Amino acid sequence: MNFKQKMAIRAVQEIKNGNIVNLGIGIPTLVADFLPKDKNIFLHTENGLLGVGPTPSKEEVDSDIINAGKLPVTAQEGASYFSSSESFAMIRGGHIDVAILGALQVAENGDIANWAIPGKDILGVGGAMDLVAGARKVIVTTQHCAKNGDPKILRRCTFPITAKNLVSLLITEYAVFRFENGKMILEELAEEMTESELKKITPAEYIVSPNLSKYQMNGTEHLLENY
Amino acid sequence: MNKIISIKEAISHIKNGNTIAVGGFGLVGCPLRLVEVLGEHPVYGLTVISNNLGEPDGKGLGRILLQNKITKAIGSFFTSNIDAVRYVNEGKLEVELVPQGTLAERLRAGGAGIGGFYTKTSAGTLLAENKESRTINGEEYVLEFALYPDVALIKAKKADRYGNLSFSKTARNFNPDMAKAAKITIVEAEEIVEVGELTPEEIVVPHLFVNYIVKGEKSNEF
Amino acid sequence: MNFKQKMAIRAVQEIKNGNIVNLGIGIPTLVADFLPKDKNIFLHTENGLLGVGPTPSKEEVDSDIINAGKLPVTAQEGASYFSSSESFAMIRGGHIDVAILGALQVAENGDIANWAIPGKDILGVGGAMDLVAGARKVIVTTQHCAKNGDPKILRRCTFPITAKNLVSLLITEYAVFRFENGKMILEELAEEMTESELKKITPAEYIVSPNLSKYQMNGTEHLLENY
Amino acid sequence: MNKIISIKEAISHIKNGNTIAVGGFGLVGCPLRLVEVLGEHPVYGLTVISNNLGEPDGKGLGRILLQNKITKAIGSFFTSNIDAVRYVNEGKLEVELVPQGTLAERLRAGGAGIGGFYTKTSAGTLLAENKESRTINGEEYVLEFALYPDVALIKAKKADRYGNLSFSKTARNFNPDMAKAAKITIVEAEEIVEVGELTPEEIVVPHLFVNYIVKGEKSNEF
């Protein structure tokens, strides 16, 4: 089991039957692989498709069906296509139940930064700001620290933010935090992590939930068997 | 009332200094034949409204950029074309970065007679700096204004001779919004069919939004 | 030839091949009867149809196809249906070439009043304000005076206006006026009317065009033969 | 995830004091069965958003009005129902008169996350009194705000079990805009079909906008 798959499976626990879900690029993309087959979950891609199906075989590829990562996908039964303004009306109008995105930084106040790094060219934002501002529930999946070891879970974002106070849940390889009434709450801790170790790599101030538990996989570990 | 013309004639409607909207999400739904012929047309100082600026190695709009015809780009994601990044760094390209949903909505507004609108997207961020904001029902909204391209170059699956359009799957994307926003809309259609072949249910863009139609073909690039 | 038909035919002269035309209730409705068959003219109705066809026979009536006057119509080949917001996006976005409407009053500055009478209930506006504000060319067809003899072509509207300064052309049974650069210009006069008689029933101040002509029927009088 | 329920159960989602949007242009595209059962449901103090308020003699919403369930109506044309006129004169009904295009756009805004927008419609008229206006590109625009109905009652031609919808001809009218604007959207469908029977091209309202579906039938009234 690699940690990215574990985070994706943890994110899947948050998705309810009938939910409309938009998946960002990176770890969020993996979520599609672990969706329970006994639930109706509908994947939305902002370039104009509700009902994204599995990746096509090489022979099945149709260059007219791609996802927001510009990768070929398929359409499920009951799927529909629409223009960009209609697609973003869905996102911005609050019709997407869950958006799962990566992040460069997340702050204790629920701010997220995931589109720009100071000092580098700021030439791309895509649909990130729309998704964070519009989705009913914003779940961030990200590695707890940057590749160079810099902390990413901070008191305040130092990179330009994507939106203010809108993260609902943060899933890293070490922990799960919930954001509620302006507070950041540690809910779950990975097997290999301790509270004191976590504190060291997490500048953000957070409350430890009285119900703090182990990383919840809820019996879905078997989903990993095929990987 | 014949709207079907040659690609060359269609492109000649683009003048120096025009603002042109070009459909597509990456290369999918981009009118690649029109863009190609635009490359042969001696026109400069263009402002391009498009989600991206083509792909590297001069694909799609990337080629027009390398011909130094574009002075400004309005869109949501230019980082996928390293040429665009380089042009910005060299001061040869001005960029107005817009969240993707705001880009689509500004085009939709231009087509629908909406002068401006309030959106929550980008509130409190760098992209809302120097923009008016307003609290509505306790939430912060940013004021954005409509876009009015002079010409739209769009891609359709089918066009009938009146200019009714249907689209293929996710190749629809920005095309309908741009068709409605522009003063002159030029469609590259994979197929041109007789009036009546497109059922009212299939028509996504009614003909009143379309000025000219050129014959294109299906692309396999993305 | 009745005067309403004559006005409708005069209005038809203003419609060009390929035009998108929205017809109001009353005299404007008659315009549909006189559209030249050798031109492609597309009628738009704001309840969601582009390509309105002729009135159906009793057997052909489909209660799902009506016009804005709630009367059954048909759809021509190449017609399309759309939602109200899309229909009014066409109107408000400037995609209707010609709107032909009736009026209660028209003023010399191009104001029009056609939705409310002071002292009476103001409970209906429909699409009138959208059409006048949005159409590229606004043509008003109205009787020159009210039924009680009150003038309708005024210096200023006394009824609540529908829109400011937006009338392009005014067609009455006696005359045709063009509005240009804030001026009202008498362009045509009906056979049975003189300039001085017209002045008596027209409080609005207008310029007489140096090219003042007779009411232009341009050889389309034959269209009336069937009526 | 079964969205198909009985009409009675559907109507029970409407609570006292709710704002409900009801589709239709006159009776065409109006969910007449839902409206009929609403008449049997003990709920009062409703604000109704609808282009009209039914027709005289208690047709469509006219019946709900005569049952004194409606305290306020937001729409564009109420004069065709003399009962509505009488109720206003008797002080039993408050009316917010809105140009038809502004009504549609305010609903569209509610569904699309647009808090407010600027339109030229009604500028300088009685209906813009006490409203903010703003000059954009030299023209006067009026600020209008989004509508957010609690419940929408809409009429569709076909619904599949997910809630994807198609519409019949001009019976489409306000239905898609209302479906998107409401917190709870209830659809009266002439036909309920299996998922996959509606092609992606036929789907006008995707299922994410639909909460409940009830079986209706084609009406012949207009």
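Just so it is clear, A, B, C and D label the chains in written order, and each chain counts residues from 1 on its own.
Keep this in mind: a residue touches a chain if its C-beta (ideal position, glycine included) is under 8 Å from a C-beta of that chain, and two chains touch if they have at least 3 such contacts.
Remember, it's a predicted structure, so these values are computed and weren't measured experimentally.
Ranked by separation of Cα centres from subunit A, the top chain is C.
Annotation: 29 Å between the Cα-based centres of subunit C and subunit D. Subunit A and subunit C have Cα centroids lying 56 Å from one another. Subunit B and subunit D, compared by their mean Cα positions, are separated by 33 Å. Multi-chain contact residues of subunit C, defined as those touching 2 or more other chains: 75, 81-82, 85, 88-89, 91-92, 133-134. In subunit B, the positions touching at least two other chains are 105, 108, 112-114, 119-121, 169, 200-201. This structure has the following touching chain pairs: A-B, A-D, B-C, B-D, C-D.
Remark: subunit A residues 17-18, 20, 40, 42, 44, 50, 75, 77-82, 85, 88-96, 133-134 touch subunit D in the complex.
Put simply, subunit C touches subunit D in their complex at residues 45-49, 62-66, 68, 70, 72, 75, 81-85, 87-89, 91-92, 116, 121-130, 133-134, 160-164.
Of all residues in subunit D, only 105, 109, 112-121, 134, 136-137, 139, 141, 145, 166, 169, 200-202 touch subunit B in the complex they form.
Against subunit A, in their complex, subunit B makes its touches with residues 25-26, 28-29, 51, 76-80, 84-85, 88-89, 95, 97-105, 107-108, 119-127, 167-177, 204, 218-222. Interface of subunit B with subunit C (complex): residues 1, 108, 110-114, 160, 162, 164, 180, 195-196, 198, 200-201, 203, 206-209.
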